[in-house]
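Okay, so chain A shows up in both of these, paired with chain B first and chain C after.
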Partner chain A sequence: MRILGLLAAMAGLIVLPLISSGYVVYLANLLLTFTVLCLGMHIVIGEAGQFSLAQAAFYGIGIYTSGLANTAFGWPLPLSVLASGLVAALVGLCIGTLALRMRDIYLALATFAFGEAMQWVFLSWTPVTGGPNGLRIPPASLLGFEIVNDRQAYPVVLAITILMIWATVVIARSRLGRAFRAVRESEVAALAMGVSVQTTKLAAFALSAFFAGVAGAMFAIYSTYIHPDSLGFQTTILVLTMVVVGGLGSFSGAIGGAIVFGLISELLRQAPSYQEIIYGLILIVFMMFAPRGLFAFIGDNLKRFARA
Partner chain B sequence: MSKRATGRLTALAATCIAVMSLPVAGSAQEPGLSDKTIKIGMFAPLSGPNMAYGFDVANAARMYYDKINKEGGINGRKIEVVLEDDRCNANDLVAAVKKLVEQDQVFLLNGGSCSAAVVAAKDYVVRSKIPLIMLNASGDGALYPPTDYIFGAFSISQYAVGGSIVDFAAKTFGAKKIAYINHDDAYGVWNLEGSKADAEAHKVDLQVESISPTITDVTAPFFKLRAANPDALAIVTYARPAALLIKKAYELGFTKPIILSVTGTANLSQLVENVGSKDALKNFYVQDVLADLPGGPKIKWVYDMYKEAYPDLAAKPDHPQAYMPYGIPPAMSIVNALKEAGPQPTREKVLEALKKQHFDTGVMAGPVVFGPQERAANKSTIFIKFDGTNQVLQPGVYTSRWQYKG
Partner chain C sequence: MPDLLEVEGISASYGRIQALSNVSLRMPAGSIVALLGGNGAGKTTTLNTISRLVPLTAGSIRFEGQPLNRLQSHHVVRAGISQVPEGREVFRDMSVRENLDMGAYGRSDPAGVRSDLERAFTYFPVLRDRLKQKAGTLSGGEQQMLLIARALMARPRLLLLDEPSLGLSPVLVQKIFDIIARLHADGLSILLVEQNAAVALAASQYAYILENGEIVLEGASDALRQDEAIKRTYLGS
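== the complex of A and B ==
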């Protein structure tokens, strides 16, 4: 059943650009980008239990690194995607080091402060980021082929997303993934089992930032412009909402949350007078009736239905 | 089936395909155009915290299109509006634009109330070769360097904001030395560039202090400027620093004229509250881009039209919103260009008509003027003397001399 579902999803994703308008393909690219961003947050919060609120900052680092790699150095696309992830991971490692002594609300506040500071840097470092004027991102090119529209970008964005989903599964099933969950459940118990808590936390921060950096590079493939306004706390909260609605700690929940909540947000644009109210109501309903997330809720109900 | 019959059928099919492929005279129309309608894609912030920048501006443009429709339309075609919410956010704005162009298949775009967000659509609009006529965004980042497809700054170009203040100070007060405070961001750089052109023309010495938009203490920059003994103080900032500077000037006994840019306040009663005392506004002037005081006789027709078109909204407090009249000039510009393009309009014909436009809207301080290298519609402003209670319109219209040089 699961394999059939996966095959259907794959078939749908492959034919999507053939049967849809450019607008739908743009949305698909955006949702796939947010999927990778959510996977990064899933690793640090859902898997390792570290409350980090700096995802938008790492995302921004990824976008600017990719833009710079393309404009200033003319690097090929795979290299600029990798560089975006690595630069973000390096910064994530530094923040992880600083955050080692904190937990819960203090960690959340410290990472929130880092996110705000980074937005200020994006706004003020004009020679690199364009400052409040924003930065024009030239078209990316792959094997000498210039990517100038959403349809051309889609296969590349989809391939990177699949790669990142695969990487998340591998990490979750590895020794490191088990260490993440052990630290999340109890640091003392994890330490007693021989897990290096500090190294595990650092790895969670670095990996999460790497995913956000790659998401930034994905954005730079199909978007031609970035403004620091898009890299504030609102973006982090949007990603957090997606992860929580999908199901905190659930890998499929992070993906589903990104897609479902991204679509809801876009559909609500058609109801401008009521969208804030509807948005709030949806969140409240989710928290009341599906506190473990959308997919856990569907799974529980399917099981109940099968038993009946 | 015989070979002969097969051959005949093949020939018939080929003929059908060939006939279907032939262009039919008069039916080869561009997207968004039918014999009876012209589809215009509008986008503005219709929700969220930035709704005040665009909600009523879009309403104003729509009521103008409705008026044109009631008068018979343009060359027999009625205007059909598809309106999208851009939330004043770059990603949402690009999604709205792509939906309008690719899904709704509009003929042209009329939208954008937030400068930073509208710039995000620039490359896509140029690549799609679709005309974009902004609403009230100054959008200089999308207007310069000029492209064939994007027109804007119907309220005013950021370059012209500072220049027209210098023009006013020099002509009205004979100022030879002006203390000029702007922001240390791109907008600050742009309006200072415009100011320099006017300062040079009037032989005015500009004493410049650039401050952060988030500044909380303006004492140091104010002391520096006061030490230069200027003839007037020009404040070209956002609302919060502006209120701090006016307050500081009053506290330190500065009595020379203070001139505030249009970007410095959207609500004068709020300014009085923020400054703390009406005495701080004894020698105070504020810039505006409309042709008259808000609701004044020259532009009363816009407010009357709004009341008639949206009686329910007009009955609500805070409506029409301050920027409402700004929606009329871009709509006029589009209607004029469509009329000029004739009974068989194309996007190229409309773009050519736009590039030659020069007309008075009766709504804004200056006329809409485009040219081969000019994509910012308005560079003129008026000035209002405000003492904390009364607004008195100052004589004259003040226009920035700044020109794009490439």
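== the complex of A and C ==
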């Protein structure tokens, strides 16, 4: 049953660009990008339990690294995607080393401050980011073939997403993934098991930055323009809301949350002034009434309904 | 031949508050030694200094003749000391199986881990039926069993056991201490922290009594059970 559902979803995803308009394909690319961003946040918050609020900054680092790799160095696509992830992870390691001395709300504040600082860097480092004018991203090229529109980008974006989903599953099942959850559950007990708590937190932080960096590279494949305005705290909160709506700590929830909430936020683009109020409300409502996420909430109620 | 564990003149403090001063204790291999005392007497702090969770300000700790002072806390388990930390710290949202796997975190001998898992089930058969259940959904007694089983998965030569009787019914306390006796009979050395002095003295061969971070009395457990002052203060009779 589950396999069938998965196959159906795969088939749908593959034929999507053949049967739909350009806008739908653009939206699909965007949702897949947010899926990878959410997976990154899922690793650091959902798995390892460390409240990092710098996801947008790492996303931005990924975008600009990719842009630079294309324009300045003319690197092939796979290399620039990898570079985006690695640069973000490297910055993540440096920040994590400092920030992870703190915990809970202090960690959240430190990473928030880093995110704000990075947005300022994006706005000021004109040679690389274009500063307040934004940056025109040149088309990426794969095997000598230039990707100039959403439809051409889609298969590549989809392939990267599937690769990252696979990586998330592999990490979750590994010894490292178990250590993440142990640290989340109880640091003292994790220490008693011989887990180096600090190193484990750092690994989660760097991995999540890697995912965000790759998401940035994905964005750079189908987008032609980036402005620092869209790399601020708002984006981090959007990703956080997606992960919470999907169900904190659940891997499929992170994916589902990205897709469902991504669609909601796209609808809300018609009313930008209410956007943040509505995000906030949704976040509060979910924390209060469905803390385990939308899908667990629906599942529980279906069960209750079936019993009645 | 050195004792299994030699603690000499250790002191520790939390900020300005002196938690332990000049505590010394020794335990020979294959023994159960009890550490008794009231709330805040420093029992848990003593365990935590041995497992390096709390830093020493003075003194030394040797395990099998080797100094522990320099080890980082996550290396202590690899040296052969497993701790069951206070506060019933199971990994609540992880399955029983994952909890047990975490116990073997530092090991790289899958065959040995598998056989130790089977061995853990001989002490705690109930865990075999609970493998897929989340640890947080177990009863208090089952969680205590899981904690001990998890600590055993590291194949320790010394087990630091903190308040295994806490919050359990007398029947369950008896059950847990029966298992402790079996572990001892199979050769495991256990440093046992307890508030329940009666069961702890019955289970151990030697005991130390802590008050305000200092050892005020020590002796063979059998002798301490007959001691009038102990009876009045700790055994409630």
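Following the convention adopted for this analysis, the second predicted complex is superposed on the first by the 278 of 308 C-alpha atoms of A that agree within 3 Å, B and C clash if a C-alpha of one lies under 4 Å from a C-alpha of the other, contacts with A are read in each partner's own complex, and residues count from 1 in each chain.
The working rule: a residue touches a chain if its C-beta (ideal position, glycine included) is under 8 Å from a C-beta of that chain, and two chains touch if they have at least 3 such contacts.
Quick caveat, the model's predicted, so the values are computed rather than measured.
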Check whether A:S223 is in contact with chain B, with chain C, with both or with neither, and answer first, second, both or neither.
first
Looking at the overlay, what does A:G249 touch: chain B (first), chain C (second), both, or neither?
second
If we overlay the two complexes on their shared chain A, which of chain B and chain C does A:F211 touch? Say first, second, both or neither.
neither
After the superposition on A, what does A:V197 contact: first (chain B), second (chain C), both or neither?
second
May I ask you to decide whether A:V188 touches chain B, chain C, both, or neither, giving the answer as first, second, both or neither?
second
For the overlaid complexes, name the partner, chain B or chain C, with more touching residues on chain A.
B
Of the partners chain B and chain C, which touch A:F114 in the superposed model: first, second, both, neither?
neither
Regarding the shared-chain residue A:R175, is it in contact with chain B (first), chain C (second), both, or neither?
second
Parts of chain A lying in touch with chain B, wherever the complex brings them together:
21-24, 26-27, 30, 123, 126, 130-134, 136, 148-150, 223-227, 229-230, 266, 269-270, 272-273, 275-276
Going by the contact rule at the top, pick out the chain C residues touching chain A in the complex.
51, 53, 72-78, 82-85, 87, 89-94, 98, 101-103, 105-106, 150-151, 154
The chain B residues in contact with chain A across the complex are 46-48, 84-85, 87, 89-92, 94-96, 98-99, 101-103, 116-117, 119-120, 122-124, 127, 141, 185-187
Please give the residue numbers of chain A that touch chain C in the complex, ascending.
175, 178-179, 181-182, 184-186, 188-197, 249
